[in-house]
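Each of the next two complexes has chain A plus one other chain: chain B in the first, chain C in the second.
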Partner chain A sequence: MTLLIASWIAVLLFGAWCVAVLDNLALALIERRSAAGALTAPLYGAAALLRQQQNRTEAPDLLNWKLAPALYLGLAAAGVAVVPLAPGDILADLQAGIVLWGAVEALTVVVVFLHGWSANSMLALIGAYRYVAIGLPVMLLSMFVLIAAALPAESLAVSAIVESQRSLWNVVRQPLGLPLFLLLGLSLSFRGPFNYADSADLAGGTAAEVSGASRLLWEFARLAMLAAVAAMASTVFLGGYLGPVLPGPLWLLLKTAALLIVLVAASHLFARLSPARMLTLLWVVLLPLAFVDLLWAGVVAL
Partner chain B sequence: MVFWVFSAVAVVAGWRVFCTDSMVRASFLLLVSFIAVGAIMLLLNAPYLGFATIFMMGVEMMVMALFMVMFMMNPAGLNPMMMVHQHRFSIAAGAAAFVGLAIAIFTTGFPHDPVAAGRPVIHDLGRELLGPSMLIFESAGVTLLATMVASVILSSRSGRFGAADEGSVPPPLEPGGEPAGRRPDDEGGGHAHHHH
Partner chain C sequence: MAMSLLGRFAARAPVPVFPAVGRDGEVRLDVLSLAPALRVVDSPRHASILLVSGDIRTADRDSLARVHDQLAHPRATLWWGTQPRADTGAALTVAAAESPETALRDLYRRLLTGGHTSETHWLADEPPNPWRGRGDHGQGGEGMMGGVPYGRMMPMPPTPDLRDGLALDVYTAQFGPFLPQLPPGLVLEITLQGDVIQSAAVVRPPFLPGRDASAPFDRVLHEATPVAAIERARAAHHLRCVARLLGILQLAPQAARCRRTALKIERGGSIDLAPLRKTLRRAGAFAAIPAGLGPIDAAWAAELGGPAARAADQARDRRETAPAYRNLDFRTLCQSGGDVRARFTQWLDEAEQALALARAAGDAAIEKGAPVETPWGHRAPPSVYRLTDMLPGLEWGEALLTIASFDAAAVCRMAPLGIENP
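This part shows the complex of A and B:
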């Protein structure tokens, strides 16, 4: 149990650091400059934020404003807790683990909204509303994809979903599932093509007025959330800890790292659509694709 | 002990919904109340219902807050406003509901046997809901979906300044006058008309 809790905390800390390093490496590669210092830059950046003073706005909703980063990190942590590291090694072995993940997704939209709303600042508020409009349909399509993944397992427990992939990984059985779920990862941590909450066009969006330790916690939670999604995606679609020769946790680590590379590359390479066009794309193209995925899974399961 | 903590959170948050002066705060206080109820369901060994309550209410309160702010013309929901109305009627309705539910609680015989460990409660719940009640569930689901689609169609076509599919035209500055603002050129835009 102690080992499980230690690895749970390590996944969040190490995962967030990995994403930050990957971001630096991707930018260095794209800009064709030296990647020297990529490993330590996130740590120096964190230290700089810790020394920075805390910003204040006029009449903010202080409770929600201060609480939102911690809640966001808590949601990422709750998501990681249902990921099995090896057969039987799971911090929260819940019968309805996949539904808990759904609750994490839904509450993330709420927390990001509250973060932007409570600052009592225009650009932060626009980021908050824009995020809700995009975040909700993305969450909706990920629900269909997850239900489809739970179908062959005939269970809502994450460990059962992994075991159901012993013969064939879900990524082969339901090829639409993984790409659609990865979109959720970009949306939950609002980066790249799905950065509608904290983007540069809103001078930082929901985090526009946030500085110092709160800002550090918020950015850390964003990185940890992406790591949580990658761990969940590798568990649900790539067989999680399943694999030959190497021990289970190592397989999970390798698959999660591979998905993180894909996610970070996608967040730096793809352009962001205007919110209205993205909304059309989500409701008219991607949501029906999620329906197809569910239907496909149902027919295969029959 | 844990049960009493969650009950207290549910009741206090539910009460605060009516004391706050902001629609957004009211929505999310209600969400806190529902999350506490969901946690109590988890304590009662109903994992699916507990998590589903938290998850559904998260989405629902978010959408509710958004729509209330949209329709109430209260920018951001941060402007103070009175959250209660029809005082006499609502006090009477609240008292009647409280008495009725209290009587229901005291006259109902609740089972005392705890759920055996390892019992597949989600499987049993699925059988219970989707066995003989499948038709009711499915028809309710399809009806709700049809209602949602219809309400989106009804609300999306009529824009603020007229039908959205004919292009919005702002109101005139004087009664019966020309619409205000710049009007797009009939000849396909551009700056061609400067040369005529």
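This part shows the complex of A and C:
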């Protein structure tokens, strides 16, 4: 159990560091500049934020403002807890692990809204409003694809979903599932084309007023959440720890890393649509696609 | 020990700088945004150093002090090519012609290791609303409903939403003059419902194109100027405009690449813009701008002139008849849309064309005093067409895209003074 808890913390810390390094490499590549120092930059950046004062805005909802980053990190941690590292090695082997993941998605919308709203600041509030509008349909989309992934396993337990992929990975069985779930990943950590909460046009959005350790915690939680999504996606769609020769956890690590590269690249390579057009895209194109995915999985399972 | 180790680690991080841009202070900032040891941030809360670049208007001094006081400790201010505030004591300054990179790095290191004392507030630390503590719970309101909680936005009666009819609280605030997403100097008082703009008014106008940007074009007034120099300056200007739009589309690295390319062009490098354009197309930059956003009609376009007019199919360009361009096979490029996407495409097209002209021009020069096509619209008295009329009904990001799709001269003419004097 101690080893499991240690690996759980390591996944969050190492995952967040990996995402930060990948971000630096992607930025250097696109900007066509040197990527020197990409490995250590996240650590130095964290130290700089720790040395910075935590500011106050005028009359914030202080409890929620300070709590939101910790809650967000807690949600990322809860998401990782249902991911099996090897057969039987799972921190929270819940019968309804997928439902817990669904709760993580739903509560993320609440926590991000609280973060933006409680600062008592215009730009942060606009970010909060926007995130709720986009976050809700994206969450619905992921519910469809996760239920579809649970159908072949005839179980809501994440470990059972992995075992159901021994003959065939879900990414082959339900090819629409993985890309749709990765979109959710971008939305849960509000990155690139799905960054409606902390975007550049809002000078940082919900985090526009946050400095010091609170900001470090918030940014760390965003990175950890992306790592959690990648770990979950590799478990549900790429067979998780399943694979020949190498030990199970290593397979999980490799698959997660591969998905992280895809997610980080997508964060920096694509422009963001305006919220209204994204809403249309979500409701008119992506949600029906997710429903087709579910229907497909249902017919195959029959 | 632990603190000093943390300080040493922190000092190796890129210096977080918030630029407060005054008159003539914008173009030179591009050099900074490309320095790997610096990180230009969008919010003063994320910065440790306030870099004041360019002249600060009298009307903007209070805003500057407010921005300064939002920086988290430890903090410091560096004045770049501008006069420091009279009451700041031993202010740190850098001449406009010098790069402040070394000074910024040194200042940040000293701030973190205790060699430089963190600056105190410039404004009195008192509540802007004098009614703190009133009401039964000190919430600031009185009466049966308890009033407005202290410091909260003043709720106004919900009005029908301009987008989908969903009524949210309406709130009003001033944005600018240092909000990086708005043209420098522009202060808008905007009433929002959710993220949709209900109304907007100009409080302070933006600055005209700065000295650095207009220098190559002003040079023609005094001496014969090579066509290549003029066209390079045009390409660099247009790429900077493109970069601003890309930033709003959440394409920061692509925007940085545009700025880097603009600098290379100014320094005489031979650049092919086709790969950059391909990157932007693949990123969906064109498609991400809503079709028909921020349209201007023919009369409006004719009044503004410059690339904005050509993006609305008004084929007017002084280069068509200029003797210096006669052998360069110049033809006026136009778009048909007259919207944000057309203006964005026009800037890219004209930048590519300008570089081709610069390559083909050889020693050709524009005679002293000859009329020259500048990269922006006509400089003329305020237009009857107003930017603030375009914004109601637009979502925040769309409104910023619309504003950023006009050059500085056009924005100046469309955003004249509204409420108070500068």
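Throughout what follows, the second predicted complex is superposed on the first by the 302 of 302 C-alpha atoms of A that agree within 3 Å, B and C clash if a C-alpha of one lies under 4 Å from a C-alpha of the other, contacts with A are read in each partner's own complex, and residues count from 1 in each chain.
Keep in mind that, in the parts below, a residue touches a chain if its C-beta (ideal position, glycine included) is under 8 Å from a C-beta of that chain, and two chains touch if they have at least 3 such contacts.
Everything numeric in this text was worked out from a predicted model, so none of it was measured.
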First, second, both or neither for A:T206, with chain B first and chain C second: neither
Which of chain B and chain C A:N170 touches, first, second, both or neither: neither
Touched chain A residues, chain B compared with chain C: C
First (chain B), second (chain C), both or neither touched by A:L269: second
First, second, both or neither for A:Y129, with chain B first and chain C second: both
Which of chain B and chain C A:Y44 touches, first, second, both or neither: second
Which superposed partner A:L100 touches (first chain B, second chain C, both, neither): first
First (chain B), second (chain C), both or neither touched by A:P193: second
Which superposed partner A:N120 touches (first chain B, second chain C, both, neither): both
Common ground on chain A, meaning residues reached by chain C in one complex and by chain B in the other: 120, 129
List of chain A residues in touch with chain C within their complex: 26-27, 30-34, 36-37, 40-41, 43-45, 47-48, 50-55, 58-59, 120, 122, 126, 129-130, 192-193, 195, 199-204, 208-212, 215, 268-277
Chain A to chain B touching residues, read off their complex: 61, 64, 94-96, 99-100, 102-103, 105-107, 109-110, 113-114, 117, 120, 125, 129, 132, 136, 139, 156
Chain C to chain A touching residues, read off their complex: 6-7, 9-10, 12-14, 16, 34, 36, 41-43, 45-46, 48, 70, 72-74, 112, 127-128, 149-153, 163, 168, 171, 173, 175, 179-181, 192, 194-195, 246-254, 256-257, 260, 279, 282-285, 287-288, 290, 395-398, 400-401
Footprint of chain A on chain B - complex, ascending: 24-25, 28, 31, 47-48, 50-52, 54-56, 58-59, 61-63, 65-66, 76-78, 120-122
